[in-house]
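Here come two complexes built around chain A, the first alongside chain B, the second alongside chain C.
Let's turn to the complex of A and B:
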């Protein structure tokens, strides 16, 4: 086995108040390792609004601007303008929002920022529900999920919104998915996005949530890997909204990903078949858009 | 308007700005399970009779730290170049990689390291000094006797070895054909053992009646004189047959140039294969005559395959009844056998198949049916408080403790088992004299590698390996997400035609890059190879690198990601004491 190559630099402080095994924390840790110290982070309401530290503490070694729920795209645009005025155009402005702040509440401000092609990097760390307020469903919550607002037999029967396609439809310069289970791939994409200066860029990061998903905390990374290996969360990149590159192809049935999770425990074999069909359909659509076959059959971690 | 003015003048005043870090929060208090680095035992090392730390040897070899790898071997086995050639690789049979693609070429790597150690002159020096000088007598300079002397030498003893022959090595010298082990390699490995100050006295046959006098002169005695009595066929005409081990010895002494015609070799063990394969090289056409079937043979499968490739023929299910001289030929009369269930020992049984007989005309006849101890050297059989039977040795207490070892006591007759016997003897004797007879069992228990009998010198001396968990890591306990199939690398190997042409060594040796690449295939089951997955994925930045990896319990919330993402099961979780 070749050891993973991850930069040594650390911008995440110990003692943050994220849950044990939080995938979103691992995501931030890798993101800042990739981007480096010349970064300003804009955080709307989300788990990270808490994890970043209660005043007067901060858990990051880079500046953070907390923003209102709906305003990550707009606030990041403003910070960009301010930095440019101060003569600091090289500083990366990263909006760091959860799926609620991206798929639902902040969608208009994200859409506006991307349409204006603001020089910002917008990251959605996706844990597929409003987690820090008590696991309420979002439009990112996948089909079949139980949350506190889709409880018992009322489990969610609509599909997860395809945010990547939304962004691709904006003809955004660069959009990519990334997973905490594949740090090298994730860091490469963050650096590629950082270096694509002058344009709006979007990264969709899969960040498993043991607390909200009903899984043991030690499975955080394993689940993120299974999401990729079952094509539930394919790793791919889109340039200018039209040029698709698939990074990998799954090799396992969705059951392998669903069965360890409490939020899917109620699903019958038929329900799981339905989900398999949806995943297969999404994968076919994605394959059809990609120029070539997946770069690799399977990514090694 | 006033507010607007205030803002434009002093915008920072109204922005709350954090100035402190979260690292004063001791989030470790949240934890109810605690991860810890918990190195475990790899199946290869537990299967190795010599208890070599194979997972670590592969790790070091993969990094190119060849000298460290050699020293790791030499702590547990004085014969890496020899075992790298002739060992039956119990390790590879246990290798977890076999459940993934192919086992790691552990023996090939060992041969590479063994040859490099000889080329570079790398050796071990004594590791401790006894409080009072200790002196041991060793009977027999075979693999067991030399190993006993070597390990006692590492423990600071001085040793004298009494050997009846004029050269050292025992069965390694006289019983293993040159195509498997060259004389040069053996001599150089023995020379390295002697660098510990060990003296071999050649041409000195020790008789049982000499033991009492020897026990007066030395602090301990090791008897490793091997099995000198060949098992006989007990059929009429048996004296027409040459005994297999004697024949192999004559070849190695250069007394046999050629053998022509058909030769029958009776037996199905590794010696039968050695005899038949040697006969091929001498120009004969050997037929192995075996009373059971190929799959029942005690010979190792690899040896059988090599023999058949070289043109050795095999007659199964025939048992010799008599041998008659017919001019220059010998007529062997054979009873045909048939399978008859399984015996109480788990081996297949055969029974005569009625009156069906065959005769076989051969020019020469060999027997290779195994050996037993000469009666005067049989290990003591009585039950006594002053006698311990410990698997690889039998030890009798006394002013000078007496150990029977090597093939006299080993269940499996192999060089590596002989090394195991020598090591067990050394550790038992050292304990007996330093701590007392009654401490032997406990002391050997501390030195155990895994659940089997293999012992480790490193553990005996309280090295890092002593703290390792004895639990053997299974394939299911590894995290295969981090591995991809990789082809096993083979060294060059002679074609059957090349092999038939002479007694030169069959197998080549890895080049450096091949050894590194093959060693890198190893999962390093149970040991930390500093891959850093625990550190990389920790959401708390609570794993620190240094020598080894350290978990910062002030911050660790006990999520357990490090334990799951460790590819090789070198961490465990335990419940936090409430």
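Let's turn to the complex of A and C:
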């Protein structure tokens, strides 16, 4: 087996206060390995607003600006403008928001920043619900999920919002999905995004959440990999909103991904068939946009 | 799976859960919310309970949307509520003003946490009291209640709906993290023992209905969208017909109506509680969880020979100006006890008008004020140290 090609440098230090097995912590670790120290991080209300740590446990080696929940895109725009005026145009400004702060309350702020083509990198680490407040549904929560605000038989019966298509519709210069289970692919995409200076860029990072999903913490990475291998979370890139590149193609039924998770335990075989149909449909649409089979990047499955 | 809206019996529940149950008992059947500590449990309880009573819960995309949906649902004829805390309360301010201007009944529960900004999300405070009064732009009056226990979260949420429906005004339930997350015994009475009030309904000829023509108590009857009355609801300055009128006179008339219905009914609206106040030299003025601190302080001070009493503000807004003015003529001092650095204290000081000194036992937020702090202040101002 070939060793992982991942930079040695660490910008995420010991002392973060994420839950055991937190996928969002792994995501930040790889993100900063890719981006390097010349990075300013803007974090709205989200798990990472807490994970970054209380003094003296601040866990990042780069400057952090905590922003109001609704405003990651706007706050990052202001940081960018000031850094440019101060002669620091090369510094990467990374907005780092959860799915609530991206898909829901922060969507207009993100949309505004992208439409203005701000020179920022916006990253959504997606754990598919409001985990910091104790697992309430977001518009990123997938069909079939139980959360504390979609309890019992009221499990979520609407689909996960397709944030990548939302961004593609803005004709954003670069948008890509990435997964903590595929660190080399993720680091490549973060570097590509970093080097595409002068434009708005968006990365959608799948960050599994053992606490909110009802799985043992040792399954964090495995679940992220299963999400890719079942086409629940395909890895792909979109340039200028029109040029699609698929990085992966799934080879497993969705059941393999759904069945280990407590949040899906109530689903009947028929419900799972419904989800399989939705995933297949989304995959066909994506495949049609890419106009061809996946161009397999250097992935380790 | 139908369950009763009124869960008659004895319960052990938190203030947040009790507020949710109070809403259902009051007839609330629409709740729009957004997760925020320490108010999330209200939405979670409602998410589970609303389907059982035929109501609707929607988790919105943010607090702007939550408050907007509440205004919309109330305009369409359903008793509606939301619940939030600091940052969400700030985002709700624009639509709160819309509800004031359009005289749309609704209830907003604010489970206060320490601010400003993100502050201490999991720790209590009473720092939003002036925002409750003045948080939306422009000049207006509204009603705020301050429960001091989970039991009161139940009863005062019902009261909030009744006042809101009676006066067609948004009513704020200003609780806090300490009460919101505190579990205590909550007794829910039989449904028929709970008094509920619904807004004055439109009557008469549908083609001649004037949606903002004041009725008894200065409150206009309300027609719901879809009942056949011609209604035009706007946050622009409007006349009795509801249509925008961009004149100084219309503005004066509208302001007179939306403020007059509160100001002219102060005696009906304002609720206070007195404890050992009759012979008191020193009056503690407090509300919410701090009123419980103050109760203990009164007894401790009395044992030291200091004649202390408590005036508890069940309705911080409207503020009981007359009571403070009357007391100011005969007492030796006021001490406002609140988990902020002096908000209702400003009102006490204003109404005392220099006739009695006004002191503050405040706190920047994050915990309750210990009774000893209040006793220490009483010892100092009574010269017993």
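One rule holds for everything that comes next: the second predicted complex is superposed on the first by the 293 of 301 C-alpha atoms of A that agree within 3 Å, B and C clash if a C-alpha of one lies under 4 Å from a C-alpha of the other, contacts with A are read in each partner's own complex, and residues count from 1 in each chain.
Here is the rule we use: contacts are C-beta pairs under 8 Å (C-beta built on N, C-alpha and C of every residue); 3 or more make two chains touch, one makes a residue touch a chain.
This is a predicted model, so every value here is computed, not measured.
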item: Fit-or-clash call for chain B and chain C when the two complexes are aligned on chain A; value: fit
item: Touching partner for A:57 - first (chain B), second (chain C), both, neither; value: first
item: First (chain B), second (chain C), both or neither touched by A:151; value: second
item: Which of chain B and chain C A:285 touches, first, second, both or neither; value: neither
item: Which superposed partner A:26 touches (first chain B, second chain C, both, neither); value: first
item: Which superposed partner A:18 touches (first chain B, second chain C, both, neither); value: first
item: Touched partner set for A:137, first chain B, second chain C, both or neither; value: second
item: Per-residue contact with chain A, leading partner among chain C and chain B; value: B
item: Which of chain B and chain C A:105 touches, first, second, both or neither; value: second
item: First, second, both or neither for A:222, with chain B first and chain C second; value: first
item: Contacts of A:82 with chain B and chain C, given as first, second, both or neither; value: neither
item: Minimum C-alpha separation between chain B and chain C after superposing on chain A, in Å; value: 12
item: Residues on chain A lying within both footprints (that of chain B and that of chain C); value: none
item: Residues of chain C that touch chain A when the two form their complex; value: 1, 33-37, 40, 43-44, 47-48, 51, 57, 59, 61-63, 87, 91, 117-118
item: List of chain A residues in touch with chain B within their complex; value: 1, 3-4, 6, 10, 12-23, 25-26, 29, 53, 55-59, 64, 180, 183, 210, 216-222, 225, 298, 300-301
item: Residue ranges of chain B touching chain A (in the complex, touch as defined); value: 16-27, 30-31, 481-484, 520, 523, 530-533, 536-537, 539-542, 552, 554-555, 557-561, 563-565, 567, 573
item: Residues of chain A touching chain C in the complex; value: 45, 49, 66, 68-70, 100, 104-105, 107, 130, 133-134, 136-137, 139, 148-154
